[in-house]
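The following pair of complexes shares a single chain, chain A, combined with chain B in the former and chain C in the latter.
Coming up: the complex of A and B.
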């Protein structure tokens, strides 16, 4: 049986009238990189804040390493490395001070590894945090998140607004972390090419609900784009319950589906249509299809 | 300025200032004269308010300064940073004027209006026009220094130097510079108006110059300060602090970031006190008297320090705990006890230089200190000063720890509302009604404070943030200080039982934070 690092059951969160999370259930298995993707305002950060114990579940439950992060911050946060999009750090400290300060909180802090990261990231130990560039801040945050070799690394939109060199550092850090056996990374981003490169399991969060949670390989394998030629011109692609998104006009339509090849052929036969090609999809295409399908489900009849 | 686009932008900026700034300005306005109203209300209730009494000049002078400082802070907050306007297609001159002229006008209007209200409420003959004009000049100078030397090492001398100069000039309008104020600034001469107009024009010019430098990223040459900064960096900066545990690390962080503020602030106040005393009276008895008064005002400084210590946000305006700290593996109760420990250390270290100076002054004027008609001075004075400082600081610390602005604005609004009602009742209702009302409110306030403390302890015990033995210890301590207060309290204090209830309520605040701080911080950390 696979051990789960994170278990979320029917989590619901409202901010005033806005429902940020609407009965989310999610499990993150131990080991590997779990990509959490979703558009702006999908609820990714809210979900992560619950994982860190910064938000208390209004209903439902959150367990990290089998513990409640609100009741036991030391037991959970001590094994988590966290880097947020905001990259909040103590601005009044210097680099060497923030390293020394942070190290005191983690018994597993590896000073040699910390020094190596500092040197690799080209961070001046005497530099003031408030004077660091955005990229340097991200690197400092990454150093602090990694140097205690956390069991669970949580990166909330870590690459947002950063140049390709820093983004490469972040991806490198993820790869290094999972190179240590049994460690887990939860990686939230809307830079889907990055997620596709490193994640081996993804969950799509949209309007506070999990739309899909599956191994990356399966997601890429299941989703495909089918180019159809219909027997007659239509204004709307015929509803048949298997497609997520249909684009085109007249007789030529491009359809995104997660159905099996058998189901596709069956439906095609029933429509009297001709399949011109079946192509694999990128994660970005799948994401767009999933989100668009859900947003316009009423209109498309999906 | 005649460019239609510029006029449009200026209008938009003014609208923005009005929208963003109305609340701080309103709070600043009410807050600025709440202390004068409260004290004058007490004087009036005791029948010792006489507008023509020469001693009232000192009170008038102090009140005016406090009002100026409080409202000035609100104006600074309302105006915001000029940097937000740098990318707009308007000239440096327009930015400077938009930033400084409304602020000047606001200061003048507030001083005149508040003064007029005070005069009306308490039937006082205090003149305000000269003060209003002078405050506006001082404020403009402060603003100009702030703009010109923002984030520069020269900022502190640039702010303090001109303000001392202008402060002396203001003082000279109320009698000799190095003596107690002995006359009101009733008539404005042409010379005085010209001097202030010139100073104001100079401040505007400097402010516009500062905007030009800031807008184009021109750095100040600060070789002396740079040298000193490098010297101290070399001396202390490279010192690696060996932080051995989360508690140790957090204690170091709290102290290094905020804890030192109070001792340094008190030392600076004492330094200025001795300087002014050395320039004016030079009598030991006067110094003793001033230091004893300052002892009670220590709580005011602690009130601000409490808000500072409890502020856990990333920026000045964000009160919520920053994620960097919130995600550290440390129990909330440990974090709050570190903050309380820092507060306690801060108070004790701040008291040392004051006690030293007071002891020194007492050596030269012992009789005067113990028999001064205006100052209660007995054995309980020192624990009273420390306990009131602790109660004030820890109470505001708990309010700030909640990480919600309403926790601070709501008590402030209630306090202001209470003052307004109190003043209205004392001026409009018959004396016996106003007395019953005033003393009932005082008693209720004491009871409310006691009830809040009990509730906080109950919640903390239920959540197991505190142990039963800690609760017993706190209860024992509270019982002890309440008994001592009861023993010392006699009918020499006005208000009798009502004030005694208030004092008991205030004393309960000394143990409130041990339960209140972890609850407030938990509410902030996990939302």
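Coming up: the complex of A and C.
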């Protein structure tokens, strides 16, 4: 029996005319790292804000640890560590001040752990927040999110805007801390290399909808690129229900599918086509295929 | 010992780790009784989820390549296991399959490939322990 840390049911959110979340249902199981991927404006941050109780569901429901985060912020927020995309920190404080200030909000704050993280992250306690580099800011934010040993750690684009060196550094810090037993991490990113390294489970959010939610390994094993040679030239790859994306022209087509090998062979036989190769796809290719497939579904062109 | 991870080719990361350790063991670069890095250390070094490394180690253990010892370390299994030989053959088979596919693509007859393999083998020292160029 696995317990779910986060359960979202048919969540909708409008901002004026804009639909930010369009009936999102998502379950984050306990333990492990859940990667939420999507482009800019896909709705990732809006979804996270609902999880934190910063936004109230217009319709649908959000449950964190089985509780409504809007009705019961004490029962939920005290067990959540959160690093926001913009890493808002009080600019007028020094590092040691922001640490003691933040500690006051959390009964479970662990000062020894906080101090260890501070020295691991190489942060000067007397440094002014406003003078910190982006990387140091990110590390400070991560420290504040971790030092009360939250059951649920939420990281919104933890490494966006950081150079590759600092990104590795932050990723390393995340990897070190997710190993802690029983912790669940929800981690949003548009950097797919990073997500593939860190996440056990991923969900793709696009235009306010969940396109796919599955264990990472299954996502990688399910999706394939099939290179085809067709019996005759076509302008458009024949529709047969199993393709997500087809690119090519004439007789040579490259097709992305999540169908089983048997289903692929069956369809291929029916088309009288020849398979040149079947190759695995990187997460990035899968993401692009999923998103392109959805956004071009209503259009006439391919 | 160097393990390299790529997120470009769509192969699950734990499988990449398993394959590379198998190669290291099969080629003798990791000797029987040798210790593998701890899960935590390797996860940090590769920048991957520790669960991924743990999964790879479990797989290697199940296949008889490594064993856990009481000290909580993971070590290369002592002595040549029949599994290791089977695995070596499998590794070679994978490479051969890829080679055959390439031959097919380039429309080069298999016979020419056979000849080429024999030819190359002659330029190779007959006892090839440890000596190779990568």
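Here, the second predicted complex is superposed on the first by the 298 of 302 C-alpha atoms of A that agree within 3 Å, B and C clash if a C-alpha of one lies under 4 Å from a C-alpha of the other, contacts with A are read in each partner's own complex, and residues count from 1 in each chain.
In this text, contacts are C-beta pairs under 8 Å (C-beta built on N, C-alpha and C of every residue); 3 or more make two chains touch, one makes a residue touch a chain.
Everything numeric in this text was worked out from a predicted model, so none of it was measured.
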Chain B versus chain C as contact partner of A:32, first or second or both or neither: second
Partner chain(s) touched by A:43 [first = chain B, second = chain C, both, neither]: neither
Partner chain in contact with A:220 - chain B first, chain C second, else both or neither: second
Which superposed partner A:280 touches (first chain B, second chain C, both, neither): second
Which of chain B and chain C A:172 touches, first, second, both or neither: second
Chain B versus chain C as contact partner of A:197, first or second or both or neither: second
Doubly contacted chain A residues - partners chain C and chain B: none
In the complex, chain B residues that touch chain A: 233, 237-238, 240-246, 248-249, 252-253, 256-257, 314, 322-332, 525-527
Chain A to chain B touching residues, read off their complex: 52-56, 70, 73-78, 80, 82, 84, 86, 88-94, 96-97, 100-106, 126
In the complex with chain A, residue positions of chain C that touch it: 5, 7-14, 40, 43-44, 46-51, 101
Chain C-touching residues of chain A, taken from the complex the two chains share: 32-33, 168, 171-172, 175-176, 178-179, 192-193, 196-200, 216-217, 220-221, 223, 277, 279-286
